[in-house]
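One chain, chain A, links the two complexes that follow: it is found with chain B in the first and with chain C in the second.
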Partner chain A sequence: MKRFLARNAPGYIFLTPWFLGFFLLALGPILASLYLSFTRYDMVSDPRWVGLKNYDYMFTRDRRFWKALNVTFTYVFLSVPARLAMALGVAMLLDKGLRSIGVYRAIFYLPSLLGASIAIAILWRELFEIDGVINGILGLFGIEGIGWISQPSTSLYTLVILAMWQFGSPMLIFLAGLRGIPRDLYEAAEIDGTSKPRQFFRITLPLLAPVIFFNLVLQTIESFKTFSSAFIISNGTGAPADSLLFYTVYLFNEAFKFFRMGYASALAWVLLIIIAFFTAISFLTSKYWVHYENDRD
Partner chain B sequence: MAGLSLRNVGKSYGAVSVMKGLTLDIVDGEFLVLVGPSGCGKSTLLRMIAGLEDITDGTITIGDKIVNDLPASKRELAMVFQSYALYPHMSVRKNLAFGLQNMKLPKAEIDARVNEAARVLQIEPLLERKPRQLSGGQKQRVAIGRSIVREPKLFLFDEPLSNLDAELRVQMRVELASLYNKLGTTMIYVTHDQVEAMTTMASRIVVLRKGTIEQVGTPQELYTRPANLFVAGFIGSPKINMFEAKATKGAGGIHISMADFSGFEIKGLERNVDRVTVCIRPEAFVLGAGSVTVEAKIDLVEYLGSEILLHTSLPSGQKVLVQTNGKEKYAMGQSVNFGFEPSDVHIFDHNGDRVPFEHEALEE
Partner chain C sequence: MKTTATDMTAEMERAAEVAHALRLVQQKRARQARLMKHAFLIVLSFIMLYPLLWLFSASVKPENEIFGQLGLWPSEFVWSNYIDGWNALPKSFSVFYTNSTIVTVLSVIGNLVSCSFAAYAFARLEFTGKNLFFALMMMTLMIPYHVVLIPQYVLFLNLGWVDTYLPLIVPRFLASDAFFIFLMVQFFRQLPRELDEAAMIDGCSPFKIYWVIILPLSLPAMGTAAIFSLIWVWEDFLAPLIYLNDIKSYTVPLALRLFLDVDGQSQYGQMFAMSVLSLVPVIIFFVAFQKLIVRGIATSGMK
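Right, the complex of A and B next:
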């Protein structure tokens, strides 16, 4: 033990700030929230142990929980493919070897930097409101607009479009991936008379599969956790008619509006399990499409 | 099969011209090697023929069709890349079949062609493997296979052997030669290695430098009658020896005087020259003999088995390479006497152009 310490003490001393951060700021709250999820806790009185009651209520009686799940799933399943497709499309355009590509890259990345910010969410509201910019443009063509955000049937889709617009970070990763595919392969394909779509589907996509996979996992997680845009656009309520009741918005309201900390903790753990589940599915299926071991035609 | 002709072909990137007024005819069924130091434009020329780079001047004709504006896929040629350019996610079989599927051939025909190519190149046991499971030589074979299945009119090879080790390179060279004999298709082969250029089955070699053709000829022609100093220095290993010399009118012809050596006379120097460069190949020297002789000191002895390479210095300090058979023993610091026959030298004027003299006229 003495020798172990003598040899490794300096290392551990250097690790101390990280250990402190991890245990006090990450692991501690995580475990605390797990405990709180089995209690009733309003931040004033002490937490009271209620066993599985929170979870029981969530799954059997809480209709808003199911509504929030529905909204979030719809959003994830629409926005992730849309954003990835957009990101790949723009990355392929930039990969064509444009001049001053750095400038374009920065410009295209900008929405993602701003995307999570309050300002963009407010801008989005201005764009899509009944007297917003979109309706103004539609009006020029004689089309009468609707309140895109105030109508439950369209409000979620405006957020999907916002998500699509924030394609910056997956786009950069796609661009790096595209750069990694040797030019020779395309030249060989060119000489062999391979059409552009066939080059895309038979060369680009398969060779990009690991990058697509990485982006898919990251964006799915990101998408499940979407909060600020939904919170701002729905004025923090999930309105209209709970059509923007994202899971995180619901969780936030339970925690910080109604001070049902125990229940909110339970909601957080369920979200964690959902995200873990989808990540696991991505990893499990990846061996069938990332390396194309079952490639057949 | 098809011949190919280049007429005044030029290439420039903006204001920078990398190739100018290149004219070359390649006959049907010829094996042409493009050789030159790196940056000479040989790969660019090949890519221009392939249609991967456009030309900014002149015309390229394949068969009897001008192909300037024809995309690569319509030129009916195949190319083997230095990197092999195999699709890493496809099996060898799929790599071979990929180009044929583009041609919309029936499946039975594709299978037949793939199997035939695999048989010819002896890669049948590898058909279900992925490229990463292959050795360099096997990948090279697959790359060649991918080009032959399409039965092109013209084969282009871009430094196909440079990623292989020395032994494999020799072996693949032999296999390429036999493939060429079997197919008889026009082939254009790019290499930076003059030894490879000389030892492949080249019908003719084109020596390029800085985007221009220095000389076109059979391997023998390039070796025995280099058109200029650059070709003399580039072709041949070990490297040719170069000596500064003075040419003056003598009694029976032109008198050439070099430092260290006794002077000699040659007949029929056509041009009026004064300062010349005399080039002598290491194997043209004979130890203890020759009509023009010199005494030198041995700096280094390279024993190559069948022959010995002597690195020597002349009294003036000039270094001279002498090649001799491997029977005698030599030591560093030893003095040796060697000489040459005037008929074995190459003479170049101050522009570096070959100066023909009588001896050569007699040869023809």
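Right, the complex of A and C next:
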């Protein structure tokens, strides 16, 4: 016992804040919300056990739950590929020995830092108003715009564009990845007369696969968590016609507007499972399409 | 014999000329391609910056010029939006900026202390269960805040912490943001182990090694973590939204949202002015510490 302590004490002491945080703020709450998800709980009276009722209601009768899933999945599947394609394209342009790359890099990255702020969400609302700037620009081409956010059919795309505007951080990661590809591979391909698109598919993409994979996992998780901009742009409700009812916005309202804490906990657990599922899928399939440099044969 | 020699030199000269011409054409093409690239990048830069420029210009335009006009240059500069906006809400923005500063400074300190402690343990110390704990730590990266939100709220409510800054600050002293632990572990691992070993032989305690060797050598990583944590806490919206109900204790993002609740009255200029101000600290830190930020993302893949 004494020897165990002597060996481990320093490590455990340094980890104490993390231990406390992990048990009190992560593991504990996750288990607590699992329990709460089987109860009815309004914060006034004690939680009352209702078994699977919350989940039953969610999957069979709650149309807003399905709507929220639909909105969130549409958003993730549109915005993540769009953002990554943008990031990779610009990174490749910047990578090929241009001068003043630092200035471009800074300009393209800045929106990533600002994008989650309330100020930008407010700005976005006004840009896409019926008399906003976007319609002004369209007007120059003789196109008459609409209120992009007040139309349920287009509102979600304004958020996809906001996500694309923030392509800077995956771009930086791609840039670092591109730096790692040996130049002589391209030179050899050039001598062999390999066309540029072929070089892209035969050299760039395969060697960049680990970085693409990393960005994909990270950005997917991030997209599922989108909250502030959706909350502000939809007036906190998911309006118009629930077209901006992001999963997180729905969950927030169930919990802190209607105080259906039990039901909201069930929603939270479903979100956790969805994210875990996508992360697991990416990792399990990665060995088929991601090849790391040191296990090349 | 002689003629063939001259023929050969003539041939070679011609070949050299052709090669030279080819090279010129290639250079010209490369230059053209480079110019095209720059043109494209400049246009893209303008598109990327346009929303921000528009936001700033809208904050100094007369009210009737804000909408329906694309131009960025106002007919006259209405700086009064900044003064009026500062006092437009039931409490002045001095209060909100003070609140945001308190929360941000304490949170950054909390993140740096607690995350560097954890990272030091993971990167440099040996103890039972290390790999398990490390894996658990990495898994918390994936967990959405919304999943722990409700139980955390119940916990803090029972502690009587709602409507105080404690729910925003205390978690940061408990290393709750695993991103920073990960970033620091990556950095600490690169430091030569011989330093620790030499210090250990000299009888240094683990704490002293952390304080005298690891921390001073890790200032770049600490700087990166500090800047990111500062920007994220400054922009944080969800946690303040849940825990702060009294307008006296509102942070800047919560205050900005109040502009949206004011119906009817046209306060757009003031709202934009205060939006611009809320971004200023972030932009200043970005410009000042760009190198640290860029390197931090490239090595750790943070957002």
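Following the convention adopted for this analysis, the second predicted complex is superposed on the first by the 291 of 297 C-alpha atoms of A that agree within 3 Å, B and C clash if a C-alpha of one lies under 4 Å from a C-alpha of the other, contacts with A are read in each partner's own complex, and residues count from 1 in each chain.
Please note the rule applied: contacts are C-beta pairs under 8 Å (C-beta built on N, C-alpha and C of every residue); 3 or more make two chains touch, one makes a residue touch a chain.
If you're wondering where the values come from, they're calculated on a predicted model, not measured in any experiment.
Asker: State whether chain B and chain C clash or fit side by side on chain A once the two structures are superposed.
Answerer: On the shared chain A, the partners clash.
Asker: Tell me which touches more residues of chain A here: chain C or chain B.
Answerer: C
Asker: Check whether A:I221 is in contact with chain B, with chain C, with both or with neither, and answer first, second, both or neither.
Answerer: second
Asker: Once the structures are superposed on A, label A:E144 by its partner contacts, choosing first (chain B), second (chain C), both or neither.
Answerer: In the superposed model, A:E144 contacts neither chain B nor chain C.
Asker: Kindly classify A:W18 by the partners it touches after superposition: chain B alone (first), chain C alone (second), both, or neither?
Answerer: Second partner only.
Asker: A:E190 contacts which: chain B (first), chain C (second), both, neither?
Answerer: In the superposition, A:E190 touches chain B alone.
Asker: Give one of first, second, both or neither to describe whether A:D46 is in contact with chain B, with chain C, with both, or with none.
Answerer: neither
Asker: Flag for me the stretch of chain C that overlaps chain B after superposition; candidates: 2-10, 20-28 or 182-190.
Answerer: So the stretch of chain C that bumps into chain B is 20-28.
Asker: Considering the complex alone, what residue numbers of chain B touch chain A?
Answerer: Within the complex, chain B touches chain A at residues 50-52, 71-75, 77-79, 81, 83, 85, 87-90, 94, 98-99, 102-103, 146, 150.
Asker: Where on chain A does chain B make contact in their complex?
Answerer: Residues 182, 184-185, 187-195, 198, 202-203, 206-207, 291-292, 295.
Asker: Give every residue of chain C touching chain A within the complex, in rising order.
Answerer: By the definition above, chain C touches chain A via 34, 37-38, 40-41, 44-45, 48-49, 51-52, 54-55, 58, 67-70, 113-114, 117-118, 120-122, 125-128, 130, 133, 136-137, 140, 142-155, 157, 171, 173-176, 181, 205-207, 210, 231, 235, 237-238, 242, 253, 256-257, 259-260, 268, 271-272, 275-276, 278-279, 282-283, 286-287, 290, 293-294, 297-299, 301-303.
Asker: Enumerate the contact residues on chain A facing chain C in the complex.
Answerer: 4, 7-8, 10-12, 14-18, 20-22, 24-30, 32-33, 36, 43, 90, 93-94, 96, 98, 104-114, 116-120, 122-127, 129, 131-133, 136-137, 140, 165, 169, 172-173, 175-176, 214-215, 218, 221-222, 224-225, 227-228, 231-232, 235, 248, 251-252, 255-256, 261, 264-265, 268-269, 271-272, 275-276, 279
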